[in-house]
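Data first, discussion second: the structure below is written as C-alpha cells.
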C-alpha cells in the first residue's frame, strides 16, 4: 500500500469504531472499549508510520506527502478533497495520536470498568457508587458508568474529527472535522445530561464556538470567492490576488481573511472574549472530556492559526512592523494569557485552575504567532499538548482517588475542591510525581522540562521582535503561571490531609496511571527536540530538529531558532519568573490548613472577589447578550410582531376570505358546479345502464368485438393508403 | 429444392397439429398436439438460422408452458373430460370469419414485393454476444428488458397469490 | 499412423469421411450419412454402457448395504445384467384398460431419448463430439424438459391414480429444480463467455469447481433431483404411491425407464465433469486427444461413484422438504452466488490466480453466511416436539398391579 | 431458396388457426393454448423478418431478437397467470368453461 493511501486511512478506524459501537456492540462494555481502542490504536499506528516516514524526507514543506480525489463538480472544475502531510501536520499528528490513545486507555479506568453496577445509577448522571462487601464490612465502592459504551463511541467520533482536521489538505474537510469536533464537544460536555449545569455548559460551549465558526465560515467563503480553491497550496500560491485591498478597514484580502479565520480560532481555542465556554466545559466526565477540551480540540484552533500564519503574515518580513492581523493576534493572545492566569490564581476547583491555565497557555501561542514566532508557537503547541494532557489526566486521577475516599467515608465534600485535599503525595505517589512533572513543565522549570524550552522560545521571539509590551505581559503571566501551578500542587499533594476523604484516597489502577507515566515521559522529553542552537552551554548538543523541520513551513525562518538567540535577557527572564513563581507559590500555600481562607484573599481585597468570579464575565454576557436576546424573542418578536402584527393581519385576511367564500358558494358553486356534476353523474348512470347489456362476462364475445374492430381498422387503413 | 421440401413438411406438421389443437376433443391430446406444433415452430426457427431461439422455444414453450398447460389439464380433468361439446355452437361463423381474414392477409402478403426476397447474409456467430450486450446496454434494450423481468416477477407473485389455497375462513 | 495412436477415434471419423467422399457422393449427403452413423453409434454405445452401469450399481449398492451384490452369473456376476435383459425382453407388454395409447407408448421413448440427446453435444475429447452447438447449455436444459414431458405422458397415459400422482410430483420436482440448475449453469457460461460446451471446456485452465464450488454443488444437487434418484426419488416412492409414474408399465417399456434412469445418472456425472471438472483437460491432453477422453472418463466415474454413494446413503425427502430445499435454499443461494460471482469476477483482474483466490473467498463468505442464517432460522423455530410413545411393558421397578381377588 | 412469403403465410395460417380456437373453444385452458398458438405465429413472423431483412450486421440485427424475447416473456407470464386464474376459478366454481365464468356480467 502506498504511504499516501495510508494518510487518508488514518481517520477511518475511529469512525468505524464509532459506528460499530453505536450499531452493534453498545450492549457489551468490554467489546465497546476494545473496539474503540482498536480504532484508536490503528489510527495511532498509521500516524506513527507516517510520522517516521516523513521526518527523514527532505523539503517536506514544498513537496508534502499528498493524495487527493475529485469530489464535487463545480462547473468545469472539480472541488478536490484530499489528505496531505507536511511538517506541521506530521508534528500535530504525532501528539494527537499519542494523547488520543492515552485518553482512550485512561477512560477505561476512569469509567470504572469492571466495577459493579451502581445501585441508584441513571443514564445521564455520574455513577453514585455501589454497595459491596469488603473484608466483611459493608462499604460503598465506585460503580461503573451507566453510559459506558456511549462514551467510547463519542470519543471515537471525536478522534475521527481530529484526525480528519489534521490530515486534510484543504479547508473544507478541515472545517468538517472542526464541526464534528464541535458536535462531540457538545455531546461530551453534556454527557451527564441529567445535570442541569452540564446541559447549560454544553449549550454555552456550542453557542460560543458557533460565534467563532460563523466568522470562520465567512472567511472560507471569501477565500473561495477570491482564490477559487480551498486547497492550502493553491491558496498560498495566489499571493497577488490576496494582496489586493479588500476595501474593508483598509486591510488586504489576506489580512481580512486571516482575521476572520482567527475569530474561528478564538472560538475554538477559547481566546478572550470567547473564552467563557471552556471553564464550564469542565462539567463533562471529569478528566477525559476536560482533556479533550484542553489538550486536543483547542489545539485545533491553534493548528488553524498556524496553518494560516502565512496568510496573516503575507507581505511581512522579520524586522518589519507587524501587519494589522498580527497585531490583533498579539494583543488578544497576550491579553488572554495574562487575564486567564489571574483568574486561575483564585480558583479552588482543581479542574477550573487547569482550564484557565489552558486558556492562558493558548493565549501564549497566539501571542507568539502574533509576533511572528511561528516555530515557537508550534513548539509550544506540541509540548503544551503533552503536559496539559498529563495535568488533566493527573487531576482526573486525583478526583477519582478523592471520589474513592468520599465513597469510603461517606463524607460530603466536593472531590474537586483543592481546599479539601492535601497530603495526597503519599497516598497517590504515581499521580503525584507525574503531576509534579506536568506542573513543572507548565511553569517552565528550567532545563529539564519541555515547557521551559518552548516558553523560552516564545519569550525570546517576542523580545527579539522588539515587542516590549508583549514580552512583559507574557513574562508576568509566566510568573503567575508558575505561582498558581505551585499553589495547586501544594494544596493538593503537600501538607496534611484536610478532609477524611483525602485521608482515604487511594492510588488508581494501572490503566489510569500508565497513561500518566507515558505522558510524563513526553512532557519532559518533547522539549529536547527543540533546544535552540544558540543556547548557552546546552545549545548544539542535540540538533535543533524541530526548528529545522517545522521551520520549512514559513519561507524564511522569522524568529531566531538558532541565530537570533542573541540576547540573554529573555533567558534570564524566564529563569527568574519560573523559579520565582514556583518558590512564591510554595511559600504562600505550604501552611494552608483546614478551613482557612485563601492567603491571597486579604492582600488583594476586592480584586480577589473579581478574580474569583472570573471578572464577572458571565454576568456581563448575560446582561449584554442573553437578556436582550430574551427580550427580543419574548416581548418584541412574540408579543408585538407575532401576536399583534402578523396574527392581526392573518385574521383580517381570513375574515375577508370567509366572506368571499360564502358569496362564491351560494352564488356559483351550488347552482353551477354542483348542478353540472349532478347532471354528469345522472347521465353517466343512464349510459351505464344502457351499456350494461354489452358486458356479458363472456371472454370470447369480447374477443370477437375486439378483433372485428381491428379488422375493420386495418381494412380501412389499407383502403386509405393503398389507393 | 430439398430445403423447400423439408420446409413444406415441417410447415404441414406444424399447421396440422395446430389445427388438431383447436379441434380435438380430449384436452390432453390437444395439449400433446400443442407440443408437437410448438416443436415444429422450433424447427422453423432453426431453419431461420436462429438456433438460440429454437432452443429457447423448446425450453420455454415445451419445457415450461406446455407442461404447465398439461398440468392444468390434469388438475381440471373432472369437469371437461371428454364429455359434451368442446366447440361453440356457431363455430361455422367463426370459421368463415377466420378464412376471410386468412384470405385477406395472404392477398396482402403476396401483393408486396419485398415478401418475395430471399434470405440475406447469414447472421454472424458473434450475434448472440451482441444480443446479450444489446439487452443490457442502457441505450438499447435495457429498459424493456428490465420491464419484462418486472413483468415476470409480477406474474410470479400474482399467480402464487391467485392460486394459493387460503386457509381458514375464506368465503 | 501417429495420429491413429494419439487420437484413434478422431482418426476413424476422418477415415470414414474420406471413404464416403471417395464414393463421389455430394458433400451434403456425406455429412448427413456421417451424422446419422455417428448418432446411431453414440446411441448404441450409450445403451450398451447401461448394461455395465447396472452391474456397477448393483455391485456397489450391495457393498454399501453389506451384501455381495450380483455374484452368480459370470465372473463377479458380470453377466447378470444380460440375464436381466433376457428376462425383461421376454415379459409381456401390458397396456392397461382406458390408457391413452399414444401417450402411454410415447412416454418411455421420450424418457430415454431425452437423455441420449444430451450426448449429442457433450465433448468427449478435443476431436470427439457430436455437434458443436453454440447454445449447448440451453440445449441440455431444453432436452431435460422433454424428459419431463415423457414422465408426464407416462403418468397420465397409464390411467392410474398412483401413476398420475407420480406425474404430479414429477412436474413439481423437475420444474422446480430446473430453476437453480439453470441459474448455477450461468456461472460456467459467464466464465467461458459462451454457451457452447466445447468453449466451456477450453476455458477451464482451472476447473470451474475451484472458481465456483457453490455453483457446482447446486448444480450437482439439482441434477440429482432432475434425475429423480434418492434422496429425491419421491416420484416413485414405493411406500406412498407404489411405483409412481411407471406403475402400469411392464417388460421392455418398463426397461426403458430403467435404462433412462441409469443413463441419466451417468450423464449427470458426465455433464458435471465437463462443466466443472475441466472435461477432457489434463496433462498431455492437447497433444494426445485420446488421453483427454480417458481423463474425462476417470472424472465421470468418480462423480458417478459419488452419486451412487449419495443414492445408497441418504433417506428420501418428504415432498414439503423437497420443495422447501429448492425454493427456500437453492434458488436464493444460486441467485446470490451468481450475482456476487458476476460482480466479483468483473472486478477481479484478468490474472487467473487473483480470480481463483477472490472467487474462492467469495464462495467461502457466501457459505459461512448461509450457515449463519440457517443456524439462526433453526434456532428461532420452536423445538421439535418429542413423542412419548406409550410403554408397552411395565418397567421392572414398577409395581405390577395384581387383580384384586374378591374377598371370600 | 425459400422466399420470405412462405414463412409469413405459415405464420398467418397459424395465427388464424389460433384465432379460430380462441373464438370457438369452450374450455378456458384450450383458449389459452390457442392464444399461445397466436403468439407463436407472431414469433415466426418476427424471426423470419429478422432473418430476411435485418440479419446483416449493418441493420442492427439485435432489434428483432429483442422483440422476440419480450414476446416470450409475455407468453410465459400470461400462461402462469392464466393457469393460476383457471385453477382458482376451478376450485371456486368447479368449472373451466369460459362461458360459465361470467361473474363480471353487467
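Here the chain labels run A, B, C and D in written order, and each chain numbers its own residues starting at 1.
The criterion applied here is as follows: a contact is a pair of C-beta atoms (placed from the backbone, for glycine too) under 8 Å apart; a residue touches a chain by one contact, two chains touch by 3 or more.
The structure displayed is predicted, hence computed values, not measured ones.
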item	value
Chain whose Cα mean lies nearest the overall Cα mean	A
B-D or B-C - the one linked by more C-beta pairs in contact	B-D
Where chain B and chain C are represented by their mean Cα positions, the distance between them in whole Å	29
Averaged-CA centre spacing for the pair chain C and chain A, given as whole angstrom	69
Separation of chain B from chain D, taking each centre as the mean of its C-alpha atoms, in whole Å	5
Centre-to-centre distance between chain D and chain C (centres being mean Cα positions), rounded to whole Å	34
Residues of chain D touching at least two other chains	19, 23-24
Touching two or more other chains - residue numbers and ranges from chain C	none
Shared-contact residues (touching 2 or more other chains) in chain B	56, 64, 71, 88, 101
Chain C-touching residues of chain B, taken from the complex the two chains share	2, 26, 28-29, 32, 35, 51-52, 55-56, 58-59, 62-64, 66-67, 70-71, 74, 125, 128-129
Footprint of chain B on chain C - complex, ascending	28, 100, 102-103, 133-135, 138-139, 141-146, 148-149, 152-153, 156, 164, 167-168, 171, 175, 178, 193, 195
Chain D partner contacts - residues on chain B that touch it in the complex	3-4, 7, 11, 14-15, 18-19, 21-23, 27, 30-31, 34, 37-38, 41, 44-45, 47-50, 53, 56-57, 60-61, 64-65, 68-69, 71-73, 75-76, 79-80, 85-88, 91, 94-95, 97-99, 101-102, 105-106, 109-110, 114-124, 127, 130-131, 134-135, 140-141, 144-145, 148-149, 151-152, 154-156, 158-160, 162-163, 165
Touch list for chain A against partner chain D, complex	691-700, 703-704, 707
Residue ranges of chain D in contact with chain A within the complex	19, 22-24, 28, 31, 98-99, 101-106
